[in-house]
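Each of the two complexes below includes subunit A, the first together with subunit B, the second together with subunit C.
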Partner chain A sequence: MTWLNQIIQGVLLGGYYALIACGLSFMFGVMRIINLAHGSLAILAAFAMFVLADRFGVQPLAGLVAVLPAMAVVGWVLQRGVLERSARGGQLVPVLSTFGLAVVVDNLLFQQFGADTRSLAPYAGSLAYDSWAITDDIYIGRLAALTFATSVLLLGALQLFLTRTALGRQIRATAEDPDTAGLVGVDARRANAIAAAIAMVTVGVAGGFLALRATFDPYAGGPQLIFAFEAAVIGGAGSLWGTLGGGIVLGVAQSLGAQVSPQGFLIAGHAVFLAVLFGRLFRGRFGLRPRAA
Partner chain B sequence: MSEQNTLAVERWTPTSAASVLLAVAAMALLAFGPRLLGAEQVDRLTILFIYVILAATWNALAGYAGLVSIGQQAFFGLGAYAAVRLAAGGFSVYPGLVVAAALVGLLSLPLSAFMLRLKGGEFAIGMWVVAELMHLLVNLDPLVQGETGTSLIALDAYAADTRRDQTYWMALGSMAAILTVLFVLLRSRTGCAIQAIRDDEEAASAVGVRVLGTKRIVFVIAAFGTALAGALWLATALTFQPKTYFGIQWTAYMIFMVLVGGLGTFEGAILGAVAFFAIESWFGAAGVWYLVGLGASALIFSLALPGGVCGWLERRFDLRLLPVGYRLVHRRAPTSSNRDNRGREIHAVR
Partner chain C sequence: MAVTDLQDGAILAASGIHKRFNALVVLDRVDFALKAGEAVGVVGPNGAGKTTFLSVLVGAHSPTAGTVRFRGIDVTAQPAAERCRLGIAKTHQVPRPFGGMTVFENVFTGAANGGRLRRDEAYDRATRSLSLCGMLTLANRRAETLGLLDRKRLELARALATDPAVLLLDEIGGGLTDGEAGELVSIVREFNHRGIAVVWIEHIVHVLLQVAGRLICMDAGRIIADGDPRAVMADRAVIDAYLGRGAG
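And now, the complex of A and B:
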């Protein structure tokens, strides 16, 4: 029964990983860029919500509504100021520039907030600890369920947006071939900037849920980037639903690993990631597949 | 011979021959460091040599082979860990540093088999995952005692002065050896293949370059060099705390050094290491703002000056101190007065 419980908790944890990974996967699918500041920007959003809750008494979920438009602006500026310029320098420059950005964001947060770990849980009332008892041994936390549901909704909405709307089609067309998209009247720069803004909104959502379900500190961005990346790669594609699957695999692996030993949580996650890569060695399919949706 | 313009392939220039000689002379002079300098300077220079090793190997990986890794701290930490392990097993300390690095180089071989199939940013973060995993696994060793760490007790057998000088010479020798190996490698046929892969993997493979095998050579040399740097760092710092050695800050330093000095220029990595060394000496005490500055410089250089200082010098003044490539020059054929005029450069191959 303990094992079953660990698996259920792992699946729910996977919902959070899918949430943090979906922006990474989306951005890779659309712009072929892996943003190394991804995790740091999620932590930035978390701190923004923390400040709103701590100084101004704003409820975390209301704070999220305020932070998301700001994150969209961050995404737009990031695309126009950093990513667009770096992408012109080839495949490697974005890696370097976004790494530099991550170092800047992390250390500025440290300068501002110090080394203390923070959490939004104290401001979330009963949401932080309420749970439903399924059997005597198995409980499902309300927050964990809400996180999972949010990630399914968000992924579904992104999927619908990319396949059913004109803007989504423009973004996909830009992803396939920006020059040809330009010929048929798509403004590739605008499409990419909108895509980056959307990706950062999902990063904001992920940062908010991270702050609610756990503690964070200024240097927590790195691990979040790694989890997002692992979920996206295990998911195997720029495919959004694949990301959910990847998140669940990662969450379950970590959860089972934690059952074995305290260090097993992280070790199992990284090991599953490397095992998946190793497995693909023999199948010829590697890494994130560069396509949107 | 008629008066025609001909193309010639140029490799050595008087400037570059002079700078290689100068570099050799500088290393020879540095060998007398412990005789000429105070203890403080010897310690500082040892650190500088380690930075040069880190920058040169990272530059070979990222600048020449196009493999940007943000997980080289995996090898740095493993190098130090292997050195601690060997010393605890009774292995002689100083030879143990090199053996430790060689073991890590050996370990990087199977790792390369699947990591090198990842591309661009995926390879970058994938390597970070490897570093995190290695960190966690090293923590499990009872000798290391988790994050508490351990120290290289075996070095206590040496007097402080002997130890300082030994470590200095060892770092200097390692730096000289690694720079030489990289210089020769990058100028060789393999070096051309490495850069061809960086520029266009498919085209390189179409002209018969063995892509994976060639990348593997650079990957393993970089792993060895970085591990040696880690082992040497251990010899100067004495204590081994996994968090320090496996920290992502090493990658931040390497990126800073190489981007500022010049990604993909041989002398750039050395210049970058010296610049980083100086900046750290002056501003290291500024703590967080110092780190913000490092990150911001990496961001600004990658956006505005991706070739770094040396790349800029090369473009602006046509100055190549330690060239590893070939370039085509436009040479006017000898005229009746038998004067050999060097013409305008039309194309450079780095």
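And now, the complex of A and C:
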């Protein structure tokens, strides 16, 4: 029963990982950019919600209504001001720029908020600790369930958006071939800026849920980037439903690892990530068709 | 004939086009005018600047100097996407479909963006474009699974869906057998009959001459001959450009 419980908790945790990986995977899939500031920007959103809750008494989930549009603007400016310009210098420059941006964001947050660890849980009322008892041994937290449901809805909505809407097709066309997209009348710069704005909205959602379920401080972005990266790679970078699967695999591995040994939490997650990575490499070596991104 | 006279009534006109990549001059003061509904073939040895010239016309490259006018409006500063919406379309030398999309989605994207159509109208336009290019039965295939001939047809269908007044074709017949090239010729001729002006680069001259009513020959970044196809092919400068001085 303990093991079953760990698996269930792992799946729910995977919902959070899918949420944080979603924006990273989306940006890689569309703009071919690995955004190393991904975790830091999630923490930025978390601090924004913290300020709204702490100074102005705004409920955390209501705070998202203000933070998400702001994150969309951040995404637009990031694409137009940083990524688009640095992309002219080759493939590596945008990655380095996002690394620089991460350093800037982390340290500005540190200067403003200090090293204190914060959480939104105290502002969220009973949502932070309520749970449903499934059996005597298995409890499902309301927040964990809400996180998982949000993740599935967000990924599903993004998938529908990309496949069914005109704007979604513009973004897919731009992702495949920006020059050709221009030749069929798609404004590739605009499509990329919109995609970056959408990615940052998902980062804002992930930052909000991170702040609700755990503690954070100005330098908490790095580990979140690693979890997002692992979930995205396990799921196949660029594939949205794969990202959900990758998040769940990572969550279950960590949760089972913790059951084996208290230190096993992170190690099990990293081990599965490496196993998947090597599996891909060897599959390539034996001449099997590698999966398209 | 003076350049200004030539460009009166032209749907697409380029004047004084100069294009340099660092020290390499690829286009050297090229003047060109295309009348509405005209079909112009472009020939010339490799490296003559033909592909670059089409890229400048469509907006994929901006010229170092010179202007491009479409329907009398200066579009030199407009990006390719904007020119496409105005009515200039181009196909690639090597087909570049959106591989992860279906054939229909490829063409639909052209109709919705380049053709600026709403959902139902874009659907109709995409269907008609596919039908004209003989691709309706392939509509739901993923584009990356297509063979070369079908990819070329898809390039044509996608360009047609943007509702162009001018279509620029870059070696659409290359790599095909005569029979296959013949199919494409009949599609292009049908486009032209519907009033679309065509500028077509092609090395396979006998294919080109089935459609083109006028031929230009480029060499070393200049237009060295322009006029009736037979006359251009017999031109001394053209023979020199292809075979070297003293041949023939």
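The criterion applied here is as follows: the second predicted complex is superposed on the first by the 283 of 293 C-alpha atoms of A that agree within 3 Å, B and C clash if a C-alpha of one lies under 4 Å from a C-alpha of the other, contacts with A are read in each partner's own complex, and residues count from 1 in each chain.
Heads up, the rule we're going with is that contacts are C-beta pairs under 8 Å (C-beta built on N, C-alpha and C of every residue); 3 or more make two chains touch, one makes a residue touch a chain.
Bear in mind that the values here come from a model prediction, so they are computed numbers and not experimental data.
If you count the residues of subunit A touched by subunit B and by subunit C, you find the higher number for B. In the superposed model, A:R85 lies in contact with subunit B only, and not with subunit C.
In the superposition on chain A, A:L4 makes contact with neither subunit B nor subunit C.
By the touch criterion defined above, A:A149 lies against neither subunit B nor subunit C after alignment on the C-alpha atoms of chain A. Of the two partner chains, subunit C is the only one touched by A:R172; subunit B is not. Look at A:V186: by the touch rule set out above, it reaches subunit C but stays clear of subunit B.
Applying the stated contact rule after C-alpha superposition, one finds that A:A62 touches neither subunit B nor subunit C. Contacts from subunit A toward subunit C in the complex involve residues 166, 169-170, 172-173, 176-177, 179-188, 292.
Of all the residues in subunit A, the ones that touch subunit B in their complex are 28, 33-34, 36, 82, 85-86, 89, 91-97, 99-104, 106-108, 110-111, 222, 225-226, 229-230, 233, 263, 266-267, 270-271, 273-274, 277-278, 281, 286-288. Subunit B contributes residues 62, 66, 68, 70, 113-115, 117-122, 124-126, 128-130, 132-133, 136-137, 139-140, 248, 251-252, 255, 259, 288-289, 291-292, 294-300, 302-303, 306 to its touches with subunit A in the complex. On the side of subunit C, the complex with subunit A involves touching residues 58-60, 79-82, 84-85, 89-90, 92, 96, 98-101, 105, 108-110, 112-116, 119, 158-159, 161-162.
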